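If you scroll down you'll find the structure; I have some questions about it.
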Amino acid sequence: MSDFLPDPILSVRNLRLGIGSSHRILHSVSFDILPGETYGLVGESGSGKSVTGLAIMGLLKRPLTVTGGTIHFQGRDLLRMRPRERRQLRGDRIAMVFQEPMTALNPLVTIGRQIAEMFVIHRGMGWPEARRKAVEALESVRVPAPEERARAYPHQLSGGMRQRVMIAIALACRPDLLIADEPTTALDVTVQAGVLELMADLCRAEGTAVLLVSHDLGVIANMCQRVGVMDRGRLVEEQDTRNIFTNPLHPYTRGLLASRPRLGSRGLGHRGRLTELEEVVAAKDRGRDMPTLITPRGPRLAEGAGV
Amino acid sequence: MSAPLLEIRDLKVHFNLPRRTPLGPRRILRAVEGVNLTLNEGECLSIVGESGCGKSTTALTVMGLQEPTEGQVLYQGKPLNGPGAPDRKERARIAQMVFQDPYASLNPRQTIGSTLLSQLKLHGLASGSEAQDRVAAMLARVGLQADHAKRFPHEFSGGQRQRIGIARALMLDPRILVLDEPVSALDVSIQAQIINLLMDLQETLKLSYIMISHDLSVVEHVSDRVAVMYYGRVVEEGDWHSVFTRPTHPYTRRLIGSVPDAEAILTGARGVPDGATIPAGRSFAPDISTRPDPSLPPEASTLVPIGPDHRVRLAD
Amino acid sequence: MMLRFNFTLGLVLVVLVVLGAILAGHLAPYDPIMDADLMNSEMPPSWEHWMGTDGQGRDVFSRVLYGARVSLTVGLISQLINSLIGTSLGVSAGYFGGWWDDCVNGLTNVMLAIPSLVFALAIMAVLGPGLPSLLIALGLTNWSWTCRIARSSTLSLKNQGFVQAAKTAGFGDLNIMRTQILPNILGPVLVIATLGIGGAVLSEAALSFLGVGIRPPQPSWGNMLSDARELIRTAPWAAIFPGLAIFATVLGFNLLGDGLRDMLDPHMRTRKA
């Protein structure tokens, strides 16, 4: 028996990505995101987590192409839409925040104008009204002295501030889905907490669903209700966040969790060795075709769990 | 208690900034402003802090890649800069550095064997087949194979390149290794391997480490002593246990509190442990509620002991 | 694929010119200077004279072949001098910085502001005409771009880990510039050099045309053009063929340079795999 669940806002099914026909980057990835839910995609470099986000946004660069599968957003398959329709969704219904704000922002345009652009393009507003909304947006992301800051250029702001501006641009049109690709990785740790909190608050207030892509398990734990673990192009495990950490099922997840040094875990006495991933899951076993170990919400466990 | 192996005394490194207006006052960036640290033989001293705190500049000064504006670095009591100091070649036998970016730390046009051999040749430590043997032995020691010597850096993964960087640093038998964010650029699963390797090497080769890092979990795991830097100054330092279990300075507490520790978050056990008490009437320096201006001279302050090996910076 | 075509075409042209120059002695049917038959002057291309004859009755084809020797010598050697000067100044300026960098930058700016041909003319006026003076004059005037490229490449390399690692290993500055920096900037420098060869060939043509370069009767494409000025109506082939030769040579080196740059670029990119 399962509780009544609303239709997912994003439904990825058997997504396959590759370079040409020979080189596979994603091997049949499937997951759902419910409206208002924050879903985390965690993995190391090369796991395919970032390209998944790019594929959803339609930002894949050649020679990467989607070689199979579907991406349904609010019931419509993004991959089979006309490019113009897809472009209209971008920024308006689906938005993205990138890792490096300095490269994602136009260095020659004031940030106020960059935010205002969103309103002009997607809402058809005039510039004066758009600029006012831009200042409001800066306020909502807790940037002090928003009118002044709106006239600033990206290079005049700190990293954390720039990331807030990116969030303001992304959330300007109140999208239904926000894809955040390593949003705080480039920031100092004391700034990270503030930016993450901001994102969480804003998305919760608007009911925005979030796909949070990160290699940092701590960030994932902080923000997500459910987590998907990716390794070498495959989604190997998906569980509620709490369960991923307390009862990881897949050997790769177990290895990943075991190999981190954890704050507060060192006892007095001799320094201990860290568990290396190879000691938990052999290199040859990684990336093998195995069914994804999923526990959908609810007490029922999928078959194959507990392997 | 024996004399410290390396001492950093009152180190100041200032950079000149361009003037705001052509006739305006000269502006200075005080990257390092009066740092005192000691490294004892066989121990691992970590310097933590966020970007811009001066930890990397301090490391570069120890290595001789940055000239100090004031202050000294002393090795076994003898100064490493100024007249009569050892030259570049002599310094190379004292301290070596493992760099942060494994992709930029190797000459892309030299085979790694050639990079390692050239160091032996430069110092006249070995030649011919003996030199080749030493290179092969070093590669094995860092977990690589002898025939890797013929390959170029781009043929290796990030983790392997960092191992090669460690091999390069150890080639000249230095006493001290300065590790600048040695694992920050690596995948989580590779970090554990490299950290274990560094710890093993420290034991077997009896090395002393200065590690620069912003990753507190790694620092806690690996260090004997820790110094926390903030805007060019050490605000708290001591043995790892004191600093991590009784973090006292507000900046240290803020740092530890910001580490997203998954388990702590989920079990709701989040929180920073209590700090030690400071003498009555004293306040912490600097005040972290506002950002200090690195071009102004800092207020007067001292590192005050609050435990057997635990000091915190308080305003005078 | 387009780049491969460019590179191959350039290579073919350059090889043809080089072979023509080296084998001029064997390939030329007539002596370029002595075989002057005034009765046969201004004859159009024929089986006896593939490119016709010029105003003095000399075989144009033979003169074009021997002229290739001049152009290539000037092109290659003067560019070599340019590269040596530009690279030493650029690398040292980038590496050491400070007042030396300021000096080199100032000098480079001055050189870029002076029209190179005028400068070369001035030097030729002092040294007198002839091949050696030509080499010196052209070698001293066109090093600025190489210097710029060498300097900016050095700046970007200077703070990379492996350069700092070499310093910490105890290597001296000269050693580092030679073994660490130089091999890594050869790519861009080489590309500028191949493009510069074309430019040098054009400059030689211009100077010889103006009468200050290679003096007749020794053939150079430039002075052949100069001699052919009066014959444009009566014997245009005396100007067309040297002109085509210049065109083919410069095009060849330019394409070669372009192709080299494209070949080296993705290679560099894949280095950071």
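Here the chain labels run A, B and C in written order, and each chain numbers its own residues starting at 1.
Just so it is clear, a residue touches a chain if its C-beta (ideal position, glycine included) is under 8 Å from a C-beta of that chain, and two chains touch if they have at least 3 such contacts.
Treat the numbers as computed from the prediction; the structure is a model and nothing was measured.
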Neighbouring chains common to subunit B and subunit C, by label: none
Chain nearest the overall Cα centroid: B
Highest C-beta pair count, chain pair: A-B
Farthest chain (mean CA position) relative to subunit C: A
Centroid spacing, where centroids are CA-atom means, of subunit B and subunit C in whole angstrom: 50
Rounded Å distance between subunit A and subunit B, as computed from the means of their C-alpha atoms: 33
Subunit A and subunit C: spacing of chain centres that average the CA atoms, whole Å: 54
Residue ranges of subunit B in contact with subunit A within the complex: 50-51, 187-189, 191-193, 195-196, 199, 214, 216-218, 220-222, 240-241, 244, 254-266
Contact set on subunit A toward subunit B in their complex: 44-45, 188-190, 192-193, 196, 215-222, 241-242, 245-246, 255-256, 259-266, 268, 271-278
Partner subunit B, residues of subunit C touching it in the complex: 160-162, 164-172, 179-180, 183-184, 270-273
Residue ranges of subunit B touching subunit C (in the complex, touch as defined): 63-65, 88-93, 95-97, 99-101, 103-110, 115, 118-119, 122-123, 153-154, 165, 168-169, 171-172
